[in-house]
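Here subunit A shows up in two complexes: once beside subunit B, once beside subunit C.
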Partner chain A sequence: MKLTLLVQLSWRNLWRHRRRTVILLTTICFAVGSVLVFNALLRGMQVSMAETAIDNLNGHFKVLAPGYLDDPGIEKSFEFEPIGRPELAGDAIQGWAPRVRVPAVIRSERETRGVQFVGVVPGSEEISFLGDVAIDGEYLSGPDDRRILVGQALAQQLETGVGRRVVLITQGVDGGNRESGYRIAGVYDAVGEGIEKAFVFTGLATVQELLSVDAVTEVSVRLAEDDQNPSVLNSLTSTFSDLDVRTWQDLEPQAAMMYEMADTTVAIWFLIVMGALIFGIVNTLVTAVMERVRELGMLRAIGMRRGAVIAQVVIESMLTMTIGISIGVVLGTLSYLWLADGIDLSAFAEGLEMTGVKPELVPRLWARDVFLVVGLSLVLGILASIYPAQRAVKVQPLDAMRG
Partner chain B sequence: MSDLVVECLGLTRVYGDDAVPVHALQGVDFRVTKGEWTALAGPSGSGKSTLLHLVGGLDRPTDGTVAVDGEKLNDLSESQLSDLRLRKVGFVFQAYNLIPVLSAVENVEFIMQLQGIEPPERHERALSVLDQLGLGDIGERRPGELSGGQQQRVAVARAIVTEPVLLLADEPSANLDSATTLELLALLRTINEQRGVTIVTATHDPIVMGHASRRVLLRDGRIESDEVVSSPA
Partner chain C sequence: MNRTLSCLAAGMLVLSTAAADAEDLTAEELVSGALDLMRGATSHVELTMKIKRPDWERSTSVVSWSQGREDTLIRFTAPAKDAGNALLKVGDNMWTYTPRLNRTIRLPYSMRAQSWGGSDFSYNDLSRSDQVLRHYDLAILDKRQDGEHTIYTIEAVPHENAPVVWGKEIWVLRDDYVMLEQVFYDQLQVALKRMTTLEIGSMGGRTLATRMRMERLDESDHWTEVVTDSAEFDIELPERMFTLFTLKEAT
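Now for the complex of A and B:
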């Protein structure tokens, strides 16, 4: 039997009860549209969380001395330049940022706080949040700059500001205290007070001079694309075979877990919405079948095979889903475009800071998510038609003969 | 080649279970030759509809054999029975059973679509049959826009358009008034006489019985009488 005939008949049957079909289509398109918008918001949060984790001095990968993570200090350092950088294909790497990061105490005229004292090559920090952070005052001029950058929250705690001097005390390789005074070049305004309170920056050479080392404690590597390329990780681990190469997920396990959970959340939301919808579709199709018992019996009596009856119900379901999904995708995409410039969540900034989501949420509608939603919805459409099709195929030709 | 279109031998149909069996047909022998118009008559529960259903391959006998146009139905699978009904048997139902979402001409074409006949030919044949049955001007109307008599005539057009060897009609006049019944019977007679289509109808209606060329009276699942009418009404 020709498919076109079944499609034609199914199409006409769809419009037998216009109001019922329109209600069902509306439900499907809202379900699909809402799933897409929810996906886009969740993906936006997911990307934001990952970006924050990567920006916060991690990069996609970080090279560390073995044991540094358990006991951070200058004694867990390594000389970076003699090893050099591995040959990597194309433009996989956006940048490298060597740093010395040591625990320290910062003291102003009034307050004392524990911080991470970080020596950086300012030009290389394009790959971290320092690259585009708002600064009151001046940015560091180079690795030899002897001034420091402090976070806004820390400056408030220390009751200090741009141009004032503070003292930093840390430990050298020999375990002895090293202390030096620094003038504040600028006060940075990062996303989240945690960052602002934690990090004090100066030139890399300045810290190395203070600690009398030529080494670094970490090198962050940022990729050009957000998708982590396993070949880059392989190259890094083979080049830095004596060192510890970690991904940002290793370094920020909580953020990584939330990142992974986003996929699960997308799936759960999809199943809840579409699962509820499937009952509506099954109910409508069963009703449609039961209304047409005599007609289906007639079709069987005049020679339509069981397979064709099943196909007719499945096609009706697929047509309904296809129309509903198509409109739903258009609605979802339009809603996404409406929100695409970003949603201001600054009112919830404190709560969001804990999750690593930036105060401006930019939704992300990924093609693979759209294809997945469309594909799974069609599969659900087929599943939804199984029971009604079973009911339809049970209709006997004799049912047509009853008056 | 045999002129037998239908041959039933020892046909038995028992419904229900062993505890409460209902013997709808009890060893019926029944033959129909080409060109006959046979009316199966009898009170409710006599077995006339059961016999019609078995002859049309819509039901399977408990015992005995049924052959249509030389093909033994007992040996056919479900899908083979579907094919046989599609190729050889035309049905006219009591409730017309037209597809409400298709127009009259599309309803007639539908069965040819099932047979795989190409669009230009099937459309031409459907229009031609509708025209012959006096329905040429209502081809584009849907069943809901037709009277009961018109719907039944469209159903007849659908049944004969494929030129079946056998036309089965189950209480075809049950939902029609007397005038429309007479129109329908005149139509069936034309089909029977001019096209040579063999017709078997199950009916309570004396008017229908009066038009058939042979009357088979059933009672309690057995043939009580079988008479050929020399000059039907």
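Now for the complex of A and C:
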């Protein structure tokens, strides 16, 4: 039997009960649309989380002295020549930033707090959040700038501000105390008070001078593309063979876990929605088959093959799914476009800061995800038609026509 | 910034030697002269410290020994609750000892801005010695005659990179090196703390401030008064005076 004829038959069957089909189509539309929107939101959150983790002085990779992570201090440092760029595949690297980061105590006239004192090369920090953070006052002018940048939350705690002096105290390589006064060049407003309270920045040479070292404690490497290329990691590991090369997932295990969890959440949501939908489709198809017992019996009697009967039901299911999915994808994409400017979550900002999600959520709809959803839905459509098709095949021509 | 070390720890020893010719004194000479005189000596001082807060006040007795400009041992002797709590400063390091816990703790820098023994003095106040000379620019703002003495008002402004949080300090010194007043300003030039000499007396063969009060200017009824009950200078101190061993020893 010709396929076109079967499709034609199925198509006609579909529109015999116009209202029923429309309701089913609507259900499919909403299911697919909602899965796509939900997926875009979660992807947005995922990207934002990863970006925050990478921005927060981690980079995609970070080179550290062995043991620094367990017990950070200037004695765990290494020499780094910025000229000695590791031989890496083409333009895989967007940039890298050497830093000296040591635990320190900051004092104002009224308060004392524990912080991380970070010496940076200001020009290299476009790879971290420092590159585009909002600053009240001035950014550091160069690696030998003797002024500092403090976070807004820290400045409030210390009751200090731009242009005023604070004292930083830390430990030198010999274990002795090093202290010096620094003037505040600017107050930065980062995503998350945790960051603002944790980091005080100044020029790299300034911290090196305070600690009498030439070394750095870390080098962050940022890739041009978010997809981590294992060859870059290999290349870094062999370039810095006696050092510790870590990925951002190593450095921010919590963010990495949340990142992984988003994938699972999308899958679970898809299964719940589509699972419910399958029962709707099965039910509708079975009803349609039962209504046509006589007709199916007749068709079998005049010589339609079992395969053709099965194909008819499957095609009917696929037609419904294809139409429903198409409209659903259009609807989902439209909703995504409507939200694409970002959703303002600042009302929940405090809770979100914990997870490192920025207060503005920009959804991401990836073609990869759309294809996956469409493909899986079609597969589910076929699966849903198995049972109704079986029912249709079981129809005995004699019984059917007698009944 | 030598203020409290000189007052409490080093024992408020300000020489009553005839003041140098008042006309010739510069700010540096006034300050360093006073410091130099205090440094060379050893001291043994007994003090009463009175802490006042809006809803309570209490009085404690303290004994202190000092040697040179770096070494100090301070111990509470009364009331019983506080007796034995002690503080040792040797060079740049400080330790505290609490007999009830039988623990000696080396004070990290992060804790040195905290109040010492509940008073209006911080550990930092006790630990600075010659900081004023190293980290401040000194200038005489005012000079006036008060009876037989000349009173100097000195402004001390910390250097740009000095490890000092204050905006400036104003010292009022008499020409025989008795400090009359010391005021600490924040960087907006708002006065935060003030130490005032309330009584000047003769003790241990020297003329010195015998009653001083450190008060918080941003909160009312918030002050600590230190009264010198007895003082001896240039005495023999046992060699092991400034050790962790002595710190734990209730003498």
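One rule holds in what follows: the second predicted complex is superposed on the first by the 398 of 403 C-alpha atoms of A that agree within 3 Å, B and C clash if a C-alpha of one lies under 4 Å from a C-alpha of the other, contacts with A are read in each partner's own complex, and residues count from 1 in each chain.
As a working rule, a contact is a pair of C-beta atoms (placed from the backbone, for glycine too) under 8 Å apart; a residue touches a chain by one contact, two chains touch by 3 or more.
Since we're looking at a predicted model, the values are computed, not measured.
Trainee: Under the superposition described at the top, does placing subunit B and subunit C together on subunit A give a clash or a fit?
Mentor: Partners fit side by side after overlay.
Trainee: May I ask you to decide whether A:V105 touches subunit B, subunit C, both, or neither, giving the answer as first, second, both or neither?
Mentor: So A:V105 only meets subunit C here.
Trainee: Contacts for A:R305 in the overlay, against subunit B (first) and subunit C (second): which applies, first, second, both or neither?
Mentor: first
Trainee: Between the centres of subunit B and subunit C, viewed from subunit A's Cα centre, what angle do you get? Round it to the nearest 10 degrees, please.
Mentor: One gets 160 degrees for this angle.
Trainee: Just subunit B (first), just subunit C (second), both, or neither: which does A:L398 touch?
Mentor: First partner only.
Trainee: Considering only the touch criterion stated at the top, classify A:V374 as touching first (subunit B), second (subunit C), both, or neither.
Mentor: Touch status of A:V374: no partner.
Trainee: Give one of first, second, both or neither to describe whether A:G114 is in contact with subunit B, with subunit C, with both, or with none.
Mentor: A:G114: touches subunit C, not subunit B.
Trainee: So, does A:S180 touch the first partner subunit B, the second partner subunit C, both, or neither?
Mentor: After superposing on A, A:S180 lies in contact with subunit C but is clear of subunit B.
Trainee: By how many Å are the closest C-alpha atoms of subunit B and subunit C apart after the superposition?
Mentor: 86
Trainee: So which positions on subunit A get touched by both subunit B and subunit C?
Mentor: none
Trainee: Mind pulling up the subunit A residues that touch subunit B in the complex?
Mentor: That would be residues 1-2, 5, 9, 12-13, 15-16, 294-295, 297-306, 396-398, 400-403 of subunit A.
Trainee: Touching residues of subunit A toward subunit C in the complex: what are they?
Mentor: Residues 105, 107-112, 114, 146, 160, 164-167, 169, 176-177, 179-183.
Trainee: List the residues on subunit C that touch subunit A in their complex, please.
Mentor: That would be residues 92, 108-110, 113-114, 158-167, 186-188, 192 of subunit C.
Trainee: In the complex, go through subunit B and note every residue touching subunit A.
Mentor: 49, 53, 56, 58-59, 78-79, 82-83, 85-87, 91, 93-95, 97, 99-102, 110-111, 113-116, 158, 170-171, 174-175
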